[in-house]
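Presented below are the structures under discussion, each in the form of structure tokens.
There are two complexes below, and they share subunit A, which is joined by subunit B in the first and by subunit C in the second.
This part shows the complex of A and B:
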């Protein structure tokens, strides 16, 4: 069931009016459309994992290659240039959908359960730092980073990045200070 | 080699390729840098447009034939970047040898808001920056189609917002004596731009 929902979601997000709407606002583009595409891939992942169990077992040992791929693809799409290119070049737009669904969403699902706590926390720390840094860059840049978006939208996006970073930070802090076994 | 190492290597190689291609070899992390690099490489010609300046004179770009033209794009109602841009342009202007200005090089501020920036408005605006209207002219391009073509050709992206303002990219544009765009410079680096122009002028004198 999940893969079908994922596929429908993926195709729905690709519909030109839906894509145009989400891309018309910078923060929707970065923090709504892109994660939704990745989530659609995440939902479709079981289909591939059942179809090619050997492939995932052999080439995604301990989930490490997959999580690296996920992290780097997500990082690539946080570069201002990548967003502009997706809006101006059709091939890049197509690549955005394919890479976020199948090179970010699928590997995330295929890797997460295999990861040790160390790697999971490393991923959280990485994204906390990355989103914090990107937030500061988008907030403090004097110049317009994306040619297709207004500078005021850039600041909104900067706050969006920072908000996610703060949420991740709170998660990390509670990991350290709260011991779940106290509540069991 | 074990599969883990191979798959990590493949992932890293792929990502390296992605970042490499996506940023023109780690050169351009914003579309603006990519655009500038591309312009300097292709050197587009200044298209035939009709300018109307603050003295209500109309002429085509060939008015400046045989001279370098130092160009900025702005609109007078702008309260953010443009005053800074024009002030920096003034500071470049001041650093050039007096005998060259007007003779070898002309300064030109082009408004992309022809509706509001009529010659009278431009004339007032000119005063703020001690532009003389001759060696540093401020002009609009009344024909929207011609204006759009120029903006497109020179990669100037202008997005109107709801309050009569625009978000736009800013730079110093240098067109050579033949009418080709040869350089797009960072407008915040005044001395660098002035040095560059001075070097070009000195070089020509030397030959």
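This part shows the complex of A and C:
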């Protein structure tokens, strides 16, 4: 059921009006369309994991290669230039859909349960730092970083990055200060 | 641990409510119902004025009455009831309140009273006719806002008291699920805390502006902060009402609860999705692009999903209870429901009312339809159906057993009958009033406007018959209010002494183990914060970075 929902979601996001609406605003493009594509891949993952169990066992034994691939792809798509390319060239737009669904969403699902707590927390720490840093860059840049979006949209995106980083930071802080064994 | 808990439960059953905790709930309920009486009288004055039947004196004009009506019913009646109700649950479920928590909830009590009184003084003086939404550019006297600050601090005290109580119980009962009504209480207090942060920021923007320390204020920003709080507050009452439907109704019906996991997921979803829903109150505001409004409609309607889950669960409970009592046929179970029991009747009518009320809410959330009804009496009709029927009747239904429980008294047959009569009068009154308001709103009658026939304009004269219905409804309602307040104080001080049961059904159907992730509140809160960021980053950045010059304070009255 989940892979079918994922596929429908993936195709829905590809529909030109849907893609146009989500790409018309900078923050929707990066913080809504891209994560949704990755989520559609995440939902489709069980299909691939059942079809090619050997492949995942061989190449993603402890989940580390998968999570590194996920991190690389997600980081690549947080670069302003990458968004410009996707809007200008159809081949890059196609690559965006394929990479986020199948090289980010699928490996995330295939890796997460295999990871140790150390690696899981490392991923959170990495994204907290990355989002915080990207947020500051987008907020403080004096020039327009994307050809396709105005500077005011850039500031909005910067705050988007920063608020997600703050939420992740709160998550990390509660991991440190709240000991679940007190309650569970 | 299990044995210790059993002993505790047995003693609790034998002794009833802890006297110190019962006093807390009784005090909160007393203030709540006094506010209902005062707010109800002010409501009647408004209704009669709107129908053109009563001219209000200049020293107590329509706008003062409206502000007072809102403050007493929207802030005082509801928030005092919610705290009294959930603290009774926390005390009952979690082995009595801790001494520290008791002190906190008493300070909350006095802070809220001081806050309400401080806010009422400038209203009476005619210095704060800003109506209960209090957003700029209309500016009240600074005293009004100081009162609101005290009120909000009181709410925070009550919320933190609840968190301490819950955290300590969980430490002492490792690995156990929070009892269901306390779970609802936690959700409600989380929402109260986070939504009131927005209004606190707003009030701290308004205060220096109304004192004249700063010249202008960002109107769109303060409106947005207001509705992040305002809409959530509405949903806090709703979540409180929902808590009674899920946990108390099955007990009254003598059956088990619906799935425990589903109930907890509904609470989680309402906590996570709620706050950005406030945006649909601003759907005709300028300064927000169409695409953002479109995406916000989605965020608002997301709250409808847990509501539909609730509707499903409720019908399932009714059907099971009816069939257990031998009901036949597809709808036979309706006849087996205890229609003569006020503890069932009032919340049941409340739930039925939520069907049209929820549909009306969806109308208002939809951009195009909102243009038709915005700022008309339709909106007033809508929230009298939601707050006045769905929430208030559920609160009344609960109070008919909870007030005797905390007072060590019993609900007699006579009082039950009086309660049933009160419920029906209220229902007829509120139905007449809110239907009239919806219809006359569609014909264009504005909200928040003193009576005027607009120089005998034909359209405005066409509203009059509806407005008469509004006044008739309002008159019936005041009878129901007086009855309700009488019933409550009778049950508190005069009813025969005896032991009442705390009407919460602990057992759920299915018997499946509820997964423990439902208890991980820090995760729920982080998800909630991310959803808030999704909802508010775009518009707030826009309002702040592309801000117009700002507005000086206006006194329009």
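Structural remarks
As a convention for this text, the second predicted complex is superposed on the first by the 184 of 184 C-alpha atoms of A that agree within 3 Å, B and C clash if a C-alpha of one lies under 4 Å from a C-alpha of the other, contacts with A are read in each partner's own complex, and residues count from 1 in each chain.
Please note the rule applied: a residue touches a chain if its C-beta (ideal position, glycine included) is under 8 Å from a C-beta of that chain, and two chains touch if they have at least 3 such contacts.
Note that the coordinates shown come from a computational prediction; the quantities given were computed from them, not determined experimentally.
Placing subunit B and subunit C on a common subunit A by superposition gives a fit, with no clash between them. Of the two partner chains placed by the overlay, only subunit C lies in contact with A:171; subunit B stays clear of it.
Touch criterion met: A:28 reaches subunit C, while subunit B stays clear of it. Using the contact criterion defined above for the overlaid structures, shared-chain residue A:2 touches neither subunit B nor subunit C, since it reaches no partner.
Touch criterion not met for A:20: it reaches neither subunit B nor subunit C.
Centres of mass aside, this uses C-alpha centres: at subunit A, the angle toward subunit B and subunit C in the superposed model is 110 degrees, to the nearest 10. Looking at the shared chain after the overlay, A:160 reaches subunit C, while subunit B stays out of its contact range.
In the superposed pair of complexes, A:184 makes contact with subunit C only, with no contact to subunit B. Once the two complexes are laid over each other on the shared chain, residue contacts for A:59 go to subunit B alone; subunit C is not touched. Of all Cα pairs linking subunit B with subunit C in the superposition, the shortest spans 11 Å. Residues 152 of subunit A lie at the contact with subunit B in one complex and at the contact with subunit C in the other.
Across the complex, subunit B is touched by residues 58-62, 64-65, 68-69, 72-73, 76, 79-82, 84-85, 88, 99, 143-152 of subunit A.
Those residues of subunit A that touch subunit C in the complex are listed here as 21, 24-25, 27-28, 31-32, 152, 155-156, 159-160, 163-164, 166-168, 170-171, 174, 178, 180-184. Against subunit A, in their complex, subunit C makes its touches with residues 167, 170-171, 174-175, 291-292, 294-295, 516, 519-520, 522-523, 525-526, 529-530, 533-534, 537-538, 540-542, 545-546. Against subunit A, the residues of subunit B that register as touching in their complex are 3-4, 6-8, 10-12, 14-15, 18-19, 22-23, 28-35, 157, 159, 161, 167-170.
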